[in-house]
Amino acid sequence: MNDFKMPVALLREKLLCFLREDVGMGDLTTAAVAPTGIHARAQIVTKEPAVVAGVREAQILFKAMEITIVKSINDGADVPPGTIVMEIEGPADSILTSERTALNILTRMSGIATATRRLIEKIQKTGLRVSLAATRKTAPGLQYFDKRAIALGGGDPHRFHLDDCILIKDNHIVIAGGLEEAVKRALTNSSFTKKIEVEVRTPEEAVQAARLGVDIVMLDNMTPEVVKTTLEALAVHGLRDKILVEVSGGVTEENIMEYVRLGPDIVSLGDLTHSVQAVDMSLEITEVKTTG
Amino acid sequence: MNDFKMPVALLREKLLCFLREDVGMGDLTTAAVAPTGIHARAQIVTKEPAVVAGVREAQILFKAMEITIVKSINDGADVPPGTIVMEIEGPADSILTSERTALNILTRMSGIATATRRLIEKIQKTGLRVSLAATRKTAPGLQYFDKRAIALGGGDPHRFHLDDCILIKDNHIVIAGGLEEAVKRALTNSSFTKKIEVEVRTPEEAVQAARLGVDIVMLDNMTPEVVKTTLEALAVHGLRDKILVEVSGGVTEENIMEYVRLGPDIVSLGDLTHSVQAVDMSLEITEVKTTG
Amino acid sequence: MNDFKMPVALLREKLLCFLREDVGMGDLTTAAVAPTGIHARAQIVTKEPAVVAGVREAQILFKAMEITIVKSINDGADVPPGTIVMEIEGPADSILTSERTALNILTRMSGIATATRRLIEKIQKTGLRVSLAATRKTAPGLQYFDKRAIALGGGDPHRFHLDDCILIKDNHIVIAGGLEEAVKRALTNSSFTKKIEVEVRTPEEAVQAARLGVDIVMLDNMTPEVVKTTLEALAVHGLRDKILVEVSGGVTEENIMEYVRLGPDIVSLGDLTHSVQAVDMSLEITEVKTTG
Amino acid sequence: MNDFKMPVALLREKLLCFLREDVGMGDLTTAAVAPTGIHARAQIVTKEPAVVAGVREAQILFKAMEITIVKSINDGADVPPGTIVMEIEGPADSILTSERTALNILTRMSGIATATRRLIEKIQKTGLRVSLAATRKTAPGLQYFDKRAIALGGGDPHRFHLDDCILIKDNHIVIAGGLEEAVKRALTNSSFTKKIEVEVRTPEEAVQAARLGVDIVMLDNMTPEVVKTTLEALAVHGLRDKILVEVSGGVTEENIMEYVRLGPDIVSLGDLTHSVQAVDMSLEITEVKTTG
Amino acid sequence: MNDFKMPVALLREKLLCFLREDVGMGDLTTAAVAPTGIHARAQIVTKEPAVVAGVREAQILFKAMEITIVKSINDGADVPPGTIVMEIEGPADSILTSERTALNILTRMSGIATATRRLIEKIQKTGLRVSLAATRKTAPGLQYFDKRAIALGGGDPHRFHLDDCILIKDNHIVIAGGLEEAVKRALTNSSFTKKIEVEVRTPEEAVQAARLGVDIVMLDNMTPEVVKTTLEALAVHGLRDKILVEVSGGVTEENIMEYVRLGPDIVSLGDLTHSVQAVDMSLEITEVKTTG
Amino acid sequence: MNDFKMPVALLREKLLCFLREDVGMGDLTTAAVAPTGIHARAQIVTKEPAVVAGVREAQILFKAMEITIVKSINDGADVPPGTIVMEIEGPADSILTSERTALNILTRMSGIATATRRLIEKIQKTGLRVSLAATRKTAPGLQYFDKRAIALGGGDPHRFHLDDCILIKDNHIVIAGGLEEAVKRALTNSSFTKKIEVEVRTPEEAVQAARLGVDIVMLDNMTPEVVKTTLEALAVHGLRDKILVEVSGGVTEENIMEYVRLGPDIVSLGDLTHSVQAVDMSLEITEVKTTG
């Protein structure tokens, strides 16, 4: 998956919302203790190995604060502890005021990208072509940031919104009155520009869904054994190549390889975005200059 | 710490922002597969033991979607797996469209509240009166939600914004040209309505800060041994009762008790909000009715 | 295509933006001439035959103004001139102040739905299953309204945003350095949840794109003759059933049937949304009551 | 009518709203197919003769996307097909992402300006000084854009908001309980800074309104014959020079000259903004450079 | 001048902005000290004689906080000290949290309305028909509130925005290169729906402006003597009845009657909105009930 | 109190909101009378002695309008009448359009800062160290501006929001069921990062509150005699040095020195922000150049 980017002018507004919530009327500590006219240089350093994500976001935020980016590594870079992620320079008060917001973005996004990349590396060692995907289980309001971090880690961001792909879940099937009815309605009622995916719980449902013509079946909360049976059932009916198979639900960092080895097209994990382990990074002032 | 609450009318807007990001033009799956005029009842159930948080937020969101809250447990309740957190009733399409946003809020906030409560229970077993506090290391833009979850778990939310407490950190001291200078400026330049806290790195600095008249000293990134020495130094100089002592930096769920046993006033942990383990909850449709 | 709907709470805000722009500080005429405490009943009547669209939007706007909807026809209804589209009742000043905004929405959306439906009826008479689709050539900022009107008219709304479908256009091909390169990158770099469509200018490009594995080829600005040749070329290579074929560019209400008869899957027209003929509707006060 | 302009900083936000709706999380196609570091030059060309409008808006949007305006024609210029409206240069991805939003603005505004200018030219050939005015029948939310396009075409934008001029319409008269009552209230209750206009349906009402002291009478939905009688009645009573006479309602591009020849001061048409024929323009990449 | 009103749904958003700024994350005091489930009744009482304004605004704000309005006096009422302006009932925490915001609105608006009414009463005693008008010298961002308070006091709110009336001021004349040039351009370039006013500094300029055909002349910063000479000059040239004469600049509550007695049409004062004396009002809890 | 500052990028948005309200669709006068391509230089001059405040705000607004700041005095400077506060240069239309908004900010903020400084100077002559503080009685929505003006005048801005300090007022005590109960709850339920202040009405309550451990007691609406008795009671009980004493309510510019001489720590006045006397300033064009 390539990196996708919101245009700077639109993303800046989102970032300033984060800052606005944090600042309130003003950064009282900085106003009280920092003399005026101080210019500083600072580094953001990672204390852990990390696939760095959020550099573009931090850059845009810092620039909005009239801070210059002296240098920075690329989003998606896999770096050892001690790496200087960014070096910045500008008014000391701007740096102090935006430090925490920038770090909160970088450490969360890097946490997501790092976990994603590590799992993908494990998958790639099997030689199988199985994609790792996220879900919509992001932090509320942070879909853009969480999904972009997934992409930077090499994962598939999956759906962005409820309007970009049809995904028929268990509750939809209950409401529609059955899988077949739900799928038929989706085929009739949706735009040709959108794919249709459906959650199935048994091999039979998977075959049924594939026959009805969906693009993707999601094997939901199945044990590895049932996934295996399902993939075989699809193959027997000559349907395996007609659809994409996504395994989801109950997949964890521990058991994921059991699923991967069965050769689905995609494995997806909510943990990647709902239970993030932030990467430890800090910002240190490295130089202070008094300006005219 | 008591639960603090943003007024409904203000919080609703924040919640609708989350929903707006998720929905885009509309929930295409629901529009395609759910027949019109369907009314449903649904339950949100926790699959893990949890200190539940985010019930008020989910209620406000559901009501904004014209869904009725049939019953719900209280925010802050400590419940076993299988507990019905909320039971709701309303238009099926409204439920399907808002399900994920509501769950993303509930599972994150409950994750924070649960981890907070568990640690506090461990601390309380010592019989010592040590508070557990959060930091500003929240998910970006989610300060309200993360901090409220901390409070519901029994923790101290610490600062909300950069404008509600003076907290002089290492970088401020660098810019100000020393601890003494920074503290003196803070004392001169800040409102009498705000407390002043300062990060110190040695026992000597702690004593110095306390003598200068700050309200709180933060022992930053100290080993338990150095914390011990610092507390003793403060006592020796008759300063221990004049200030609050917060231990922060390098504290983890593993080593926290080593610090607690030394008897500081507060221990704070970034992990509580930057590395959240979401509680597993799901929403299930339990009843479907066709309306006129 | 089924009707898709933005949740009321989100749509209300968009509608209030329209009203806010129109009202400014207040409706001075109504404030000056309407005595207080007047209650009125009013009807919105179409003066032309119309496929009505925008009823839901007008309802939400009126309710936000504390006006009651007495009755209204369904969005998508095909009605003769003189039909009462809505009957409303409420404070006279609320009705007078929101009248024009409601009518501007209804008349534009109905204009789009009507033109769409008329063309679809012509297509359906051929017995061929060819969909009629819109483009992103909407009025700026009105994508939701224009696309929903298309759906209510029976058309396919096509892409909503730049993030819901990959559509490689001529300028992308120029930047990528060729059709093959562009398609390969799209296949590598996009989420499995998104379809890939590509614009082609010759039968050869269509065959090439289909072989590369795109989901949809758009025959761009081709004469009916070249469309015919392209469809034949795809059939000859056994590719016709593997992809969807969309004809776009240079299609008008006049020449559309020449394309339809060739049997593509979809024909799309920018005119449906960029050059709308509004349906003539008016709002008339039918009853005036003085309230206590 | 001179061109009126919203300040750049305010207009930019409106334009970014349009872009935001279109982009969503990001322009997936461009992210997937455009290699990084590509710089491009592009032209916007009109395929039809046009009075161009929206150049300022497109410029501001492009600049917000970090695109340079190489050259552009002036808003209001009347140009033949094939004219290069704008030439721009900048990051290829910025151009690709903002192309459609810019074109949607330019083609709609130019459509309005062109239709307006053509009618004004017809009016001017009569040698009579009759103004052509728009109404509030704009696309919802696009009042600024539609009205500015009218002004660029040479027309009078008429009211902007409900707070800038008193315009007593039929429904107001019903609510007020009669023309005289409505006008008297308006005279008493409105600011001296606002003009008062009233809709009349008969020559008698026109005379009555003029006598009461309104600034403008709007002859609403009258046939040319009745307009003629009304103008004569006003002249007979010595009132013709005391007021402005606007003819409105039922005027179309076909019958407008019948009204113009009678010599009212203003003729207004809803069609100019509610039923716009967009001008066909396209953006073509003309040069591609790889940067460092 | 009649009272003008922004629709509730639009005004509520403005009022919630005020509340949002004040509340931040939440009303910590109320959260800490008010037990849950407390219902209260409260009164807003004026401690000074006042023409009350802002009742509608306070009502909308309280209702948005789920507080019931038990009774309230009418906006514009002239009341003695001790009058109960509003009586409200609802959740105690809602009342405590919104108290200050509601009072800040009421006391400022009432301050403006009271000062306005007092001056108008003085003017009315002369028997002359001279209007009292405000200017655009409001508190920034509070134009709606300040202008509505003027209207409730009986004054003329004058211009609302820069787009509702042409007002040529000294700086415009400098830029245009002279009064005549400025007025001629305004006559040519403005919509027939807008009045044209021009600032003049001498009797000669007043005559010149009136001859050019403006609607209003503003006698700017003239002494009473020069105003007198100007009014005579206009009369001598038969122009006095053709235009409105506004006296502005240098008028204060002290010297205003010297101007009024000369019989201009309007006298305007910046003080009415830029230097407001708030009316002293307070909110007292009168009853407390514990609910279920 | 030091000057606190909202970051430019955040403050700009607030300032543009003020401008947007004033401009509407556009500055019609300037559009009509100012020829294009005019560049001007202008001065803002104070006509009264003033402690100037709002210079930073005006600078940011002007820059957002593409106007250059040629020179300006510092916020907080105490200057005589005739002082040039700012000199600016830029497009004439930008200057004309933003003039009033900039002046409304400057004149109000300077009015607050001037009144604050004058009172502080009086206090300082006594040689006593008594702070002068504001309250939350600001103009609605203008807390940032009003509080910053207080700080620039040398005063203490007091609370910014309801979430930065616990302040238990009379109504809270009524709801809590007594002073002791209210204070105990506050001590238990609030974050260690926030100070606790409580309103008291008698010397006894002051002693009680101080014993309970609050940080600040506010002597509310006491006569100077009762304040004296209260301070003595606190001293007698050895509590005077343990708490800060704020005198508030009923303090005016006339009687303030009677309170100051008693030696409380802080005296606060609502008048400073709710009844502002704006400083008279004007903007004059000093030079006009036609640009290419």
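As written, the chain order gives the labels A, B, C, D, E and F, with residue 1 at the start of each chain.
Here is the rule we go by: contacts are C-beta pairs under 8 Å (C-beta built on N, C-alpha and C of every residue); 3 or more make two chains touch, one makes a residue touch a chain.
Note that the coordinates shown come from a computational prediction; the quantities given were computed from them, not determined experimentally.
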Path length in steps (a step moves to a chain that is touched) from chain B to chain C: 1
Chain F and chain E - chains in contact with each: B, D
Counterpart interface for B-C, drawn from E-F, A-F or A-C and sharing over half of its contact pairs: A-F
Farthest chain relative to chain B (centres taken as mean CA coordinates): D
Whole-Å gap separating chain D and chain F, where each centre is the average of the chain's CA atoms: 44
Inter-centroid spacing, chain F versus chain C (mean Cα positions, whole Å): 51
Distance from chain B to chain A - Cα centre to Cα centre, in angstrom: 22
Junction residues of chain A - those touching two or more other chains: 2, 4, 23-28, 31-32, 97, 143-144, 160-161, 163-165, 185, 188-191, 194
Every chain pair meeting the contact rule: A-B, A-C, A-D, A-F, B-C, B-E, B-F, C-D, C-E, D-E, D-F, E-F
Contact footprint of chain A on chain F as seen in their complex: 2-10, 13, 143-144, 147-148, 160-161, 164
Residues of chain A defined as touching chain B within the complex: 17-18, 21-35, 38, 40, 42, 92, 95-97, 99-101, 103-105, 107-108, 111, 136-145, 160-172, 174-176, 181-182, 185-186, 188-191, 194, 270, 274-278, 283-285, 288
Residues of chain D that touch chain A when the two form their complex: 16, 19-20, 23-28, 31-32, 64-66, 93-94, 97-98
Sites on chain B touched by chain F in the complex: 1-2, 4, 131, 133, 156-161, 163-165, 185, 188-195, 197, 216, 244, 246, 265-266
